[in-house]
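There's a structure below that I have some questions on.
Note that the chains are named A, B, C and D in the order they appear, and that numbering of residues resets to 1 at the start of each chain.
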C-alpha cells in the first residue's frame, strides 16, 4: 500500500481538527458586557487556541516528513496512524476544556490542564510508535545514519518529557502547564538543525 | 472514470465525519459540578466516540483496499459510494444520540442503541453492495482467487451479523449493544489473515 | 492552470458541506419526551437531510464529469466555481431553516421552502454558467457532438425549471416544494443515458 | 520538500474555514418573530458571510498561483504558511463577531469591525511574507520580470493599505469598514491584468 491516500486522509483530519479549534473562539455577544471585556476574559481561549494550532501544525509538518520517507505502509502502521489521529481529533475538546477552566483555579483547572497535556502526550507517543515501527521494520526509503537516528530520538524525547513534566506540573498550576506546552511548541519551531543535517547527509 | 477523485472526496467525508465525532465531547463547564464528576458522567460519550472513531477508521482502511483494486468506476458505484457516505455521515448523530440516552435506561436507550447499530449496519450493507457489484461486473484489477472471495465474504458477514444481532440486543440492553459494536471493531483490527494472504497471492 | 487543485479544493468544500448537513440531526435529549416521539417530530429534518445529501452528491458527480474534460481553467472559471461553492456552502443553512419551519405551515414555511429551492436554483445556475463558459471558450478536451450538447442542455434545463417551479410552489405548500426537490434529485440519479452515450462517442 | 502535500493540507483548511463561515447563518426558528423579519435582521451576517467567503476564495486562488511556481518549500515557508492558515482559521470567528455587533453601534461595533479587518490584515501580511521570502530566496520556478515584481508588489499593497485604512475607519463606523473590506475583495476579483501579463511573459 502506498502512502498517498493515508496522507490525504490524515491531511483531511489535521485540517478539520485545526479549523475546529477556532469553534471555541466565540463571544457571548451583545448584552454580556463590553466586547473588549469579553475578549479580555477569553484570553485563555486565545492562548490555548494559539498553542494547539501550532502543535497540530508541527505534528503535521513532522507527519509529512516521516511518511514521505516510508517505502511501505503495513497494516500496523495504518492503525498506529489512526491512533495518532485519535489524539489529534481529541485536541479541540482538550483545548476547549482547558480554556474553560484555566481561570477557575483549584482542582478542576488542574485536571483540565492535565487532560490537555495528556492529549499532547498521547499524540506524541503515537507519533514515536510510528517512527519506531518504521525503523524497526525497515520501511524507510533512506536509512538513517546512526547519528541521525540518535538525534531524532532526542528530538522526540524532548517533547515527550516536556509533556509528562507538564502533566505533573498541571496538578500544581494549570497556567504553568500551559506555558510548558507553549515552550515545547516553540522548541519544535526553532529546533531545525537535525533536519538540515539529515537533508545534507542524504545522497 | 478513474477512482482518484472519488477517493479524494470520500477521504474528505471520512475525515470530516471522524473529526465531527469529537464535537460531542464537551463538558458543561464551571458551575455544573466538579470536572472529574462531569467527565465520569460523560463516559458513554467517550466509549461511543472511541468505538465510532475506530469503526469509521476501519471502514476507511477497507474502502481504500477495495477502491485501489477497481479498474473502473461506473455510475452505479458512484451512487453506492454515496450511499456508504450517507451512513458514514449519519454516524456522529447516531453516536451522540446513543451517548445521550445510554445511562437513562428504558425504551429510549434501547431505541438509541438500535439506531446506533442500525447506522453501522447500513454502512456495512452499502460496503458489501460495493464489493458485490465490483466482483459481479468484473471491475477488479486483480481477480480474487475463489478462496479469497470466500474469505472476504466471511469477513463481511461477521460484521453484518454482528450488527444485526446488536440491533436485536439493543432492545434488551443498550450497553450490551455498545459492547457488541466494540467487539466487531476489535475483530476487524486484529483479523488480518485474509489481507496478508491476498497480498502474498498477488503476482 | 490545471484543474487538479481546483478539484481538490472543491472536493473539500463538497465533503465538508455534505457532512455539516448532519449537524442539524440532533435531538433535544432526555427530558423532552420519548426519543421515538422526538425522532418522529424531526421527520422534516431527516427528509430534508436526505434530499440535500443526494443533491450535493449529484452536483459533485457532475462537477467531476465536467472538470475532468476541461483543458484549461481560466480566471473566470475559478470565480464561477467559487460562485457554485458559495451556493453549496449555503445549503446546510437552507436545509436547516426549511426543516425548522416545514411543520409550522403559513407564510414562514413558504419563505423557508422558497429559500431552500432558491439555494438549489442558485447552485444549478452557477453550474450551467460553468458549462456554458467552457463550451463557448472551447476549454473542453473532447468536443461535444451537437446531439450531446443539446442533450446536456436539456438535462440542465430540467433541474433549473424544476427548481424555479419549486420556488413558485413553495408559496403554496412547503411540503410540495420539498417533494419537487426530491423528484429533481431522483431524476438525476436515474437519468443516465446522455452520459453513457457521451462515453460511447468518445474516441 | 515538494509543495503537493502543503497544498493539500492548505486546501483542506481553506475548504473547512470557508464552509464553517456558514455555521453562523442560523435563524432562531419558530417563535422568534416572522422568518422574513429574522432574515432581514440577520443582514449583517449575510453581508459579512459573502465578503468573507469571497476573501478566503481570493486568497485560495492566489495561494494556488504562488505555490505552483515554487521550486522548493523550506522550513520557513512551512511556518509562514501555518501563519497564513492561522489567520484564515480565525476568519469565521472574526466574521461572526462582526456580524453580531454591527447593528449595535458604539464602541463594541467599532472593536468588532477592527477585529474583522485585523484578521484580513494579518492574513494579507502572512501572504506577503510568503511571497517576499520566495522571491528573496529564489524559490520561484519562473523568475519574475522586474515589471511583474513591481506590479505584484502594488497588488499586495492595495489590499494591505485597504485593510489598515479599514482598521482606522472601523473606529468611526463599523459599516464603513465592512464596505471597505467588500471593495478590497471586489478589486481582487476584477483586477486581473498583472496575471494575464505574467502569463503572456512566461517563456
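By definition in this document, a residue touches a chain if its C-beta (ideal position, glycine included) is under 8 Å from a C-beta of that chain, and two chains touch if they have at least 3 such contacts.
Computed from a prediction, not measured in an experiment: that's the story for all the values here.
Engineer: How far, in degrees, do you have to turn chain A to put its CA atoms on top of chain D, rounded to the nearest 5?
Structural biologist: 90
Engineer: If more than half of the interface residue numbers appear on both sides, call it same; otherwise different. Which is it for chain C and chain D?
Structural biologist: different
Engineer: Averaged over CA atoms, how far is the centre of chain A from the centre of chain B? Could you give it in whole Å?
Structural biologist: 27
Engineer: What is the distance in Å between the mean C-alpha positions of chain A and chain C?
Structural biologist: Centres of chain A and chain C (C-alpha means) sit 37 Å apart.
Engineer: Among all residues of chain B, which ones touch two or more of the remaining chains?
Structural biologist: 8, 11-12, 15-16, 20, 23
Engineer: Can you tell me which positions in chain B touch chain A when the two form their complex?
Structural biologist: 7-8, 11-12, 14-16, 18-23, 25-27, 29-30, 34-36, 39, 50, 53-54, 57, 60-61, 64-65, 68, 189, 192, 195
Engineer: Where on chain D does chain A make contact in their complex?
Structural biologist: 1, 5-6, 8-9, 11-13, 15-17, 20, 23, 75, 78-79, 82, 85-86, 89-90, 92-93, 96-97, 100-101, 104, 107-108, 111-112, 115
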